């Protein structure tokens, strides 16, 4: 019985240590727990899988800032890896000033994993341009007019990947990774106006708002939060940060559930010993 | 060869190639490639409703070549003139697939205007029939917000009516609110332990109504604290809120007859950055060890950081917020939580001033009115009449 | 003068603001008033500054507890203010837009350059501390759940059961347990929506009545005026 | 990574660990981080206010620049702002009430129609459900439950009647909905919070530890 009494009066710092370990351990020693792939993620995977290799490029719009990096960077990497592996040319852009460094970082990380790929031919970084919706419309009218040079100042005319690329007709798909509503602008301009397919990756909190677009076909697929990214990693069979992160998430969630259960068992076991009088005095904690 | 020469050669080659292609197309196709797109039809122009003039709204049916047709429409150009015969000047361009827009480009009020919409493809254009005349007017009332205005008037009337009844001395019943009963008790226990009380009036500006409600509650708290001769620490996120909090706390001490016990340096500004503010308040909680922590006002993600740190020091904690997303965390980590509307009711309840109690009664009547509306809406809608529900449209369009 | 004038100002400003939403020609007042409020709140920052400096300077002077740390605050404040002003006004710094994530959410700041390490300090001192403070929630959410989710009362039991099901439904393990994904979605879509909607209407009523009372001068506590 | 970048990474890592040390207990490192960031953030806010607030809203409209005419109306808030600064005077601090009253009036006036529309009209309208238009019987049942829950929750907030009888029963149903809803929100948020911790640990492991390793050993 002492165990239960100890549990009830346990120093909360023990919980902190457990949570810290639960998150840190999978980061160091990946568990690779199985993930069940959900339909929106599978749809995006299929859509990218259907794009012919070495043909039309995809636009990857990296529109997140440092606050949503933990959720959105892993899915950006997973989709980039899929494209690189299938030899789909990739055009990386960003609509957020804060996204510039992050977009480049994501692209360079994946590019370095594919030694055969070359800048300008297989992938290109066009940098940040202010005025998201203007840029989206601009791409529909004249891509090279909108982006006369890439993110490093090299003229677009010198980049192989952009040769013969005029507008959305020459683009296989737009993929947007964002923690804001920019993906809705992509739907509005790239899809509604110009008929270009749009896929999105958003934070877990935003995913429920994005589902309706999936049902109406305005989005070809959707990745929501870390779990969406982990499912995508599973589909391309390339466990990365999201799979590791989901391991950590699973462990912490289970830890909290176990703690709650133990706490309740302890509560009922000790209550029997002390009788009901003390319970009545427990006040209102936990309700209001 | 010089650069210019190469360039010239390149251009001439391109022109040559281009004309060859054109010839080829002309030979192969019976129809010329440059058929102008079919025009936009049914152009309707009218004064933009519910505005202060200077704007005309246009709508039209898409050209037959937009989307379904040959799909070569690129845009529509809006042209305007003061005479039906022109000359028409271009006002703006809209993308294909657009069938309505507004003209707000230096539109003079009460002047006749004529419009046409020109359908454009890559190389040619087709104007629509001219529509007009139309005049932009100033509307003195925004009909689209009539429902909002009516509810505002009704609510104001209800509040004033019950307040006047309360003024006449009528006894109004207000039920017990558990969190508020606890408030007095919690504030009272600080002096017994010889410790200060901490009051955080949220992390928003004074323009947030929740902050205003919090300041009202602070006033009551200050009076109780002053009665007990305890210190009241109020760290602030916003300088204006700080100023108001200082006024209110000083007034509270004066009301308790202890103006000399008021210490202005205990109601202070920390920073207007969310987490630096939390870091500082956490520090106060573990160093000053207040016996009572009150978190009342507008809170964001920091709610649980504050409440858990406070819980670890063993303080009695009472929270109140209208931030729905934060309520679960306050409920889990605090002893009592004022949920949503209870926060607003609290100032009335604490002061027990008849005027404010009267307003609670008005609030309840408004609640009944809205529940009644829901029922009428349900019944009418389910027997096939949608008119009642459309009274709740925003903006209201049924009177247009 | 001291009591009546503020109440009249409040009433007039409130009525004009209210009226402009119904009377389109009054829109100019709205645009102006928002700019006015912005200017006032910017000037108010000086009051905050004075309060902060006074608090910490007093601590240092009185050698109060932790007074040495107050010196850190004062020095950091002084340095950031000077660096910010000099960066912008300094003749030797050529301006061109540079953007950083703002202090709360996505506010974007343009027009500062990294002279005096203004930007570096913000990005490497304030941002990491903010992010780390925010991440403390991962620990606190666990300790709060452990402490509070006890089946003491019927309501507490509901809280804990709903939380447990949703937590389970959010991770892959839960997807393998029959009924959990469906129950999670249902709880989030149905009871959760209902409760939020009801609370939201209640809050709307409370907010409006408080705002009306202040506008009409019935509630005047905020001015430090006693009835 | 350059030497300077490495230096800043160490600063960030030191502050990160200092904040985490607070979980054990208050200590010197936490105090340093806390006092440092308070000073930095207020200095930052001051600068932002100066250049993003006073410059575009006050200085520019009052100074002749470009084609915009001088906006002398902006002297009014400037004057009111100065009145507000009289807070620090013992004798004239009551003048700051004028400013506060104006800000309060503006805030209340703005919030009333907005609140009525977003919180009262929209939500009331959303509760008027057409049961003849439901995609399935189950969807209809769910809609009905939402309706009952909304009204019961609203009844819980009745203040001027004792919660007894029918009213009490309905209010109790309201509490059930509130508690289930709050529990769900709590459980739903765990993932987002853990993600934040993962983000910080990734910084410590990848940027700081690995970055330092690569800087030293190439």
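Each chain gets a letter, A, B, C and D, in the order it is written, and its residues are counted from 1.
Simple rule for what comes next: contacts are C-beta pairs under 8 Å (C-beta built on N, C-alpha and C of every residue); 3 or more make two chains touch, one makes a residue touch a chain.
The shown structure was predicted, so the numbers you read here are calculated from the model rather than taken from an experiment.
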Between the pairs A-C and C-D, the one where more C-beta pairs touch: C-D
Innermost chain, where centres are averages of C-alpha coordinates: D
Whole-Å gap between the CA centroids of chain A and chain C: 26
Mean-CA-position distance for chain D and chain C (Å): 4
Mean-CA-position distance for chain D and chain B (Å): 13
Separation of chain A from chain D, taking each centre as the mean of its C-alpha atoms, in whole Å: 24
Residues within chain A bordering two or more other chains: 12, 16, 19, 23, 227, 249, 252-253, 256, 284-288
Set of chain D residues in contact with two or more other chains: 19, 22-23, 31, 33-34, 37-38, 40-42, 44-45, 84, 87, 97, 100, 103-104, 106-108, 110-113, 115-116, 120, 124, 127, 147, 150-151, 154, 157, 178-179, 182-183, 185-186, 189-191, 194, 196-197, 199
Set of chain B residues in contact with two or more other chains: 145, 148, 152, 155, 206-207, 209, 212, 240, 243-244, 247, 270-273, 275-276, 279, 287, 327-329, 331-332, 339-341, 345, 363, 367, 370
Of chain C, residues touching chain D in the complex: 2, 5-7, 9-18, 21-22, 30, 32-50, 52, 66, 69-70, 72-81, 83-85, 88, 102-103, 109, 111-112, 118, 120-139, 141, 145, 155-156, 158-167, 169-171, 186-205, 207-208, 211-212, 214-215, 222-224
Complex contacts: residues of chain A adjacent to chain D: 13, 16, 19, 23-24, 27-28, 69-71, 203-205, 225-227, 241, 245, 248-249, 252-253, 256, 287
Chain A residues within the chain C interface of the complex: 12, 15-16, 18-20, 23, 33-36, 65-67, 96-98, 180, 208, 227, 230, 246, 249-250, 252-257, 259-260, 263-264, 267-268, 279, 282, 284-288
Residues of chain B touching chain C in the complex: 50-53, 138-142, 145, 148-149, 152, 155-156, 159-160, 163, 205-207, 209-210, 212-213, 215-216, 219, 236, 238-240, 242-244, 247-248, 250-251, 254-255, 265, 268-276, 278-279, 287, 301-302, 304-305, 307-309, 311, 322, 324, 327-329, 331-333, 339-341, 343-345, 347, 351, 353, 355-356, 359, 362-363, 366-367, 370
Sites on chain B touched by chain A in the complex: 74, 95-97, 178-179, 312, 331-332, 335-337, 339
